[in-house]
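Heads up, there are several structures right after this.
Okay, so subunit A shows up in both of these, paired with subunit B first and subunit C after.
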Partner chain A sequence: MSLDIIDVEKRYLNRASGTTINALNGVSIKVELGQTLGIVGESGCGKSTLARAVVGLEVPSAGSITWDGAVIDNKAKDRLKSHHSQVQLVFQDPYSSLNPRQQIENSIAEAIEVHGLVAKDKITDRVTELLVMVGLDPDLRNRYPHQLSGGQRQRVCIARALSAEPKLLVLDEPVSALDVSVRAEVMNLLIDLRKNLGLTYIFISHDLAMIRYISDVIAVMYLGKIVEFGTWEEIIENPVHPYTKALIAAMPDHSIIGDPAMLARTLEGEVPDPVNLPSGCSFHSRCVLAVPSCSTNAPTLRDISNGHLVACSEV
Partner chain B sequence: MSKPLLSVSGLGISTVQDPRSLVNSVSFEIMPGEAVGVVGESGSGKTLTALSILGLLPRGVAVAGGSIVFNDIDLTKANPETMRNLRGSDISMVYQDPMTALNPVMKLGRQLLEVIESHEKLDYNSVARVEAALREVGIPQVERAMESYPHEFSGGMRQRVMIAMALLLSPKLLIADEPTTALDVTIQQQILALVSEQRRKRDMSMLWITHDLGVVANLVDRLIVMYAGNIVEAGTVQEIFTNPQHPYTHGLLSSLPSRTDKSRKRLTSIPGVPQKPWLVGNTCAFAPRCFKATGECTASAPKLVGTLEKSVACFHPMGDK
Partner chain C sequence: MKRDPLKPKGGLYYYMQSTSGIVGALLLLFMVIVSICAVFGWLPHDPLEQNVEFAMQGPSTTFWFGTDEFGRDIFSRSLDGMRRSLTVSVSAVSIAATIGVTLGILSGYLGRWFDQLIVRLSDVIFAFPAILLALAIVSTLGNSWYQTSLAIAVVYTPIFIRVARGPVLTVKEMDYVKVTRILGFSSLRILRKHILPNVTAPIVVQVALSLSWAILTESGLSFLGLGTQPPNASLGLMVSEAQSIAAFAWWALFFPSAFITIVVVGLNLVGDGLRDALDPARRSS
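Our next item is the complex of A and B:
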C-alpha cells in the first residue's frame, strides 16, 4: 500500500483578471506505508495545495494521485468517503477547524458516525478512548472549543482525524499556530501515535527544525515543484540545491549566540509570482549559481546518490 | 556608566473596569545604543509593555503603577501633546502586520511624508528624504514605489516600508513587535539583516519583541524573558542561552529541536499551559508547571534579583552549569 503522486499539476483560474495561478507544476513523489514524508517550503510553494489534493479537497489539473491503487478525485462521493476513512488531514489552525457551537464530544462523534466504525451505543466509549489517546482528560468532552487552550484544541483535531482509523495522516503546519512551550508536547504526541498506531505521516511545515525532527524523508518545494528530495540526514547534513542551502542557512538558530554575521543575507529577492512563472529553472532569478542556460532549460530531478534527488544543472 | 535611555520601573498594567492585572511590576533599562529582546508566549504581557512605552495601550487597558522614564520624562505622566511629539521621532515602532499598520488607501510616498509633516514643516527637501529612506531599506524603483499603494507590495517589501517609516526621523529607540513573524524564513533573514545593519550604523537603541528565541539569538545584546505578566529572567544573550537560571527559560530552550542532535531524542516539554496573569496572585506564576516548585513558591512571589548581566525571579534557580 502506498500513496503515489505522479506529475501532479494544479492551476487556479482567476476569472476576474483572466490569469492563471500555477500552484503545482509537476510534482511526483511516492510515500511508503509507515514512512514520514516532510514537505518544506515557503508560502506559495504549493505545499498546502498538495496536502489538500492528497485528501481529495482539490482535484489535480493534470497528473494523478493514487492511494492503494485507487485514483483520488471527487468524481464519486462514495469513493471519497472510503478514502477519508484511510487518509485524514489535520489543519494548521485548531481555532477555525472546530465548530465553535459544538461540544468536542460531538465534533469527534460525528466523524465516527459518518464512517460507521462503531455501534451507536459504543460511540461514547470510543470518544473517551480517543481523548485518552491524545492525552486529554475525558472530562473535557462537554467543553466547547473556546474553553480549551490552543494545544488542547489541536489535540482534539488530532483525535477527530484518528477517529476514522486512518492509515495516512496529512499534517499541514500542525504546530505553527501553537505557543512555543506547547509545541514540543504536540510533537512528542505525534511521534508516540505514529509508533503506537503504525501511522504514515505527510508533515508539512515552513519550519525546517520541526521537519528535521520528525521526518524520514524530506522534499523541498519551490514554486510548485520539488527541487530536492532525500533522507532527512542527507537533506540537512548534505544539502545540494542552492535553495535548500539558503533555507537551512536562514533557519533561526539558538545554538550560535551573539554573532551578527549569522544574520548575513542568504538569499536576495523574493519568490516570483506564480502567475508568471520564470522560464527555465524557476529558481534562477535568485540563484547564486545561475548560468545563462538556467533561464531556458528547466532541470528535472536526478539521482545524485542512493535516492538523493536534486533538480539543478549546476551541482 | 552612562545613563539609561529608557528606564521602566515597577510597571503595572491592568484593565480599567473590574481591574485585572495584565503586567505585574516590570522593571528594566535600555542603554543608549543597546538592543534588548523581550521573549514570551501569547498573553505574557510583552506587547502591552511595549505599547505602554508609546502610550498606545488599547482602550480599557491602562498603566496601573510604576514609571517609564525616557530622556528624563516620565511617559506615564506625560500629556498627550508630549507623547505625540515623541512618537515617530524619538521613539518609533514597527508592528507585526504591515498590511494593517499601513493605510490601504493612501499612496506610500504620501504616508511617509505624513510622518515628517507631523513633526516638522515639509520643505523642498522632504520628498528626497523619503526617497532616500526607502532606498536605504532596499526598495527597488523608489520613484514608482512612492506612487504605489500597500497592496501592490509583498509582505516583505511592506515590512521594509514600515522600517523606512520608523527610521525616517532617526529615532533614539526603535520598538519592534514581532515584525518578522508573518514572513517566510528567507525574507525574515533579509529583514533581520537590514535592521541589525541600520541599528549599528545609527547607534540606535532597540526593543525587539518576539516569541521565537532563535530570532533574537544574534540580534540583541540583552534578553528579557516574560511569563504571565512578569519578568522571570533577564540578562545578556550569552548568559540566557548558555546558562539559563529560571526553570521556564530552561524548559523553553530545551523544548526547541536541536539543529545538531543526530539521535533526535525526545523533546523536553513543559506540562500544562500558561496561567492568566490576573489569577497568579502573590505566588510564582510558573509554579504550577515547574518541576522544582515547592511550598515556598506558592507562599509568595519571587523578586527579580541580580545584575544587569544576569537576574532571575526564582526561589530555586537552575544553578550554574
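Our next item is the complex of A and C:
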C-alpha cells in the first residue's frame, strides 16, 4: 500500500486579472505504508496545496494522486468506507479547526456515528479510548473548544482525524501554531501514535528541526517543485541542492551556525511570484551557484546516490 | 466519572444568566398575556363600542387609559390592537425568516449561479422602498391580516437572505467545515450541524429587530389606509388616529405608543439574551 503522487500540477485562475497562479508545477513522490514523509519549504512553495490535494480538498489540474491504487476524490460517495479514502488531515490552526458550537465528544464521535464505524452503544467507549490515546482526560469530553488550550485542541483534532481510522495522516504544520513548550509533547504524541497504530504520515513544515525529528524521508519544495529528496540523514547531513543548504544554514539550533562559509549561503530576497515563474531553474534568481545556463534550462530530479534525488545542474 | 465543574448546562440555564434576557422574557410574557386576553375577549369594554357621552375622557377607574374622540375605551383597544399587531408581525417575520434564512444559507453555501440568482433577486426587492413595495402588494392582494403579513414578509425576506448569507461565506471557509468534507459528511449534515449553528447569532438578532420593524410597517400601512381597517384597532392605527386629538387627549397617543415601545424593547432584549445563550464562548462560566 502506498501513496503515489505523479506529476501533480495545480493552477489557480484569477478571473479578475486573468492571471494564473502556479501552485504546484509537477510534483512526484511515493510514500510507502508506515513511512513518514517530511515536506519542507518556505511560505508559498505549495506545501499546503499539496496537502489539500492529497486529502481531496483540491483537484489537481494535471497528474494523479492515488492511495493503494485508487484515485483520491473528494466527490466520491461513501468515500470513508472505501479503501482509498483512509486519508485524513490535521490543520495548522487548532483554533479554527474545531466547531465552536460542538462539544469535544460530538466532534470526535461524529465520523464514527455517520459512517457506523463501531456499534451505537460502543461510541462513548470509543471516544474515551481516542481521548486517552491522544493524552487527554476523558472528563474533557463535554467541554467546548474555547475551554481548551491550543495544545489540547490540537490533540482533539488528532483524535477526530483518528476517529475515521485512517491509514495516512496528512499533518499540515500541526505544531506551528502551538507554544514552544507544548510542541515537543505533541511531536512525541505523533511519534507514539505512528508506532502504535502503524500510521503513514505526511508531515509538512517550514521548520527543518521538526521535520528532522519525525521524518524518514524528506522532500524539499521550492515554488511548487521538489528540488531535493532523500532520507533524513542524507538531507540534513549531506545536503546537495543550494536551496537545501541555505535552509539548513538558517536553522538556529544547528551546529554549523557561526560557520562563515555556511552563513554566506543564507537566502536573500523573496520567493519569486508564482504568477510569473522564472524561466529555467526557478531557484536561479536567488542561487549562489547560478550560471547563465540556469536561466534557460530547467533541471529535473536525478539520482546522485541511492535514492537521493536532486534537481540542480551545478552539483 | 468525576463531575466536571465546567460541564455545560442546558440552554435555559445560560439564558437566565442574562439580565436583559430575563427582563425581555418578562415583557414578552406581558405581551402574550395581553394578546390572550384580547383573543378571548376578556376586556373591560368592547373595543368597538362607541359612546359619545364619554368621548375624550382622561384615564379614570372606569376607563383606565381614557377614551378617544368616539368614546371608545383605549385600554380595551390597546389590548386588541396589540393582538392584531403581534399577529401580523409574527406571521410576517416567520415567513420571511424561514424563506430568507433557507435561501441565504443555500446561496452562500452553494455559490455559483444559484448565489448570483438569489443575490440579484433580493437586490431587485431591495431597490423598492419598503413601505412602497408593501403598499403595492397590499393594494393588489387585498388588506386582510394575512395579506398584510404576506406583503411585509416579501419586503423582509431579502434582509434575512443577506443576514444569513454573509456569515455562511465566512464559516464555510473555516477549517472545521473543510474537515467535515474530508471526513465524508453529507452537505445536509454540514449545513445543519456545522454551518447553521455558527450563523444563528445575527439571525436571532435580526428576527427580534424585524418583529419590531414589522409592527411599525403594519402601523404605516394602517396609517395609509391599507392595513388594519377602522373601526378595528391596531397599535399603529391607534397612534395615527390619535395624532389629530393628541393636543387635547395625550392619553390617546401615549398608551398605544407605550405598548409599541414595550414590544420593541422586549423583543430586542430577548434577542440579546438569546444571542448570549446560544454562543458557548459568550457564556460566563
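Rule of thumb we're sticking to: the second predicted complex is superposed on the first by the 293 of 315 C-alpha atoms of A that agree within 3 Å, B and C clash if a C-alpha of one lies under 4 Å from a C-alpha of the other, contacts with A are read in each partner's own complex, and residues count from 1 in each chain.
Everything below uses one rule, namely that a contact is a pair of C-beta atoms (placed from the backbone, for glycine too) under 8 Å apart; a residue touches a chain by one contact, two chains touch by 3 or more.
Everything quoted here is computed from the prediction, not taken from an experiment.
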item	value
Touching partner for A:A164 - first (subunit B), second (subunit C), both, neither	second
Touching partner for A:A62 - first (subunit B), second (subunit C), both, neither	neither
Contacts of A:A70 with subunit B and subunit C, given as first, second, both or neither	neither
Comparison of subunit B and subunit C by subunit A residues contacted	B
Which superposed partner A:Q147 touches (first subunit B, second subunit C, both, neither)	second
Touched partner set for A:V291, first subunit B, second subunit C, both or neither	neither
Touching partner for A:S43 - first (subunit B), second (subunit C), both, neither	first
Common interface residues of subunit A - those touching subunit B in one complex and subunit C in the other	none
List of subunit A residues in touch with subunit B within their complex	42-43, 149, 151-152, 179-185, 187-188, 191, 206, 208-210, 212-213, 233, 246-247, 249-268, 270-271
Subunit A partner contacts - residues on subunit C that touch it in the complex	1-2, 4, 6-8, 174-176, 178-185, 189, 193-194, 197-198, 279-281, 285
Complex interface listing, subunit B residues touching subunit A	41-42, 154, 156-157, 184-190, 192-193, 196, 200, 211-215, 217-219, 221, 236-238, 241-242, 248, 251-253, 255-260, 262, 264, 266-271, 273-274
Parts of subunit A lying in touch with subunit C, wherever the complex brings them together	55-57, 74, 78-80, 85, 87-89, 91, 93, 96-103, 110-111, 114-115, 138-140, 142-144, 146-147, 157, 160, 164
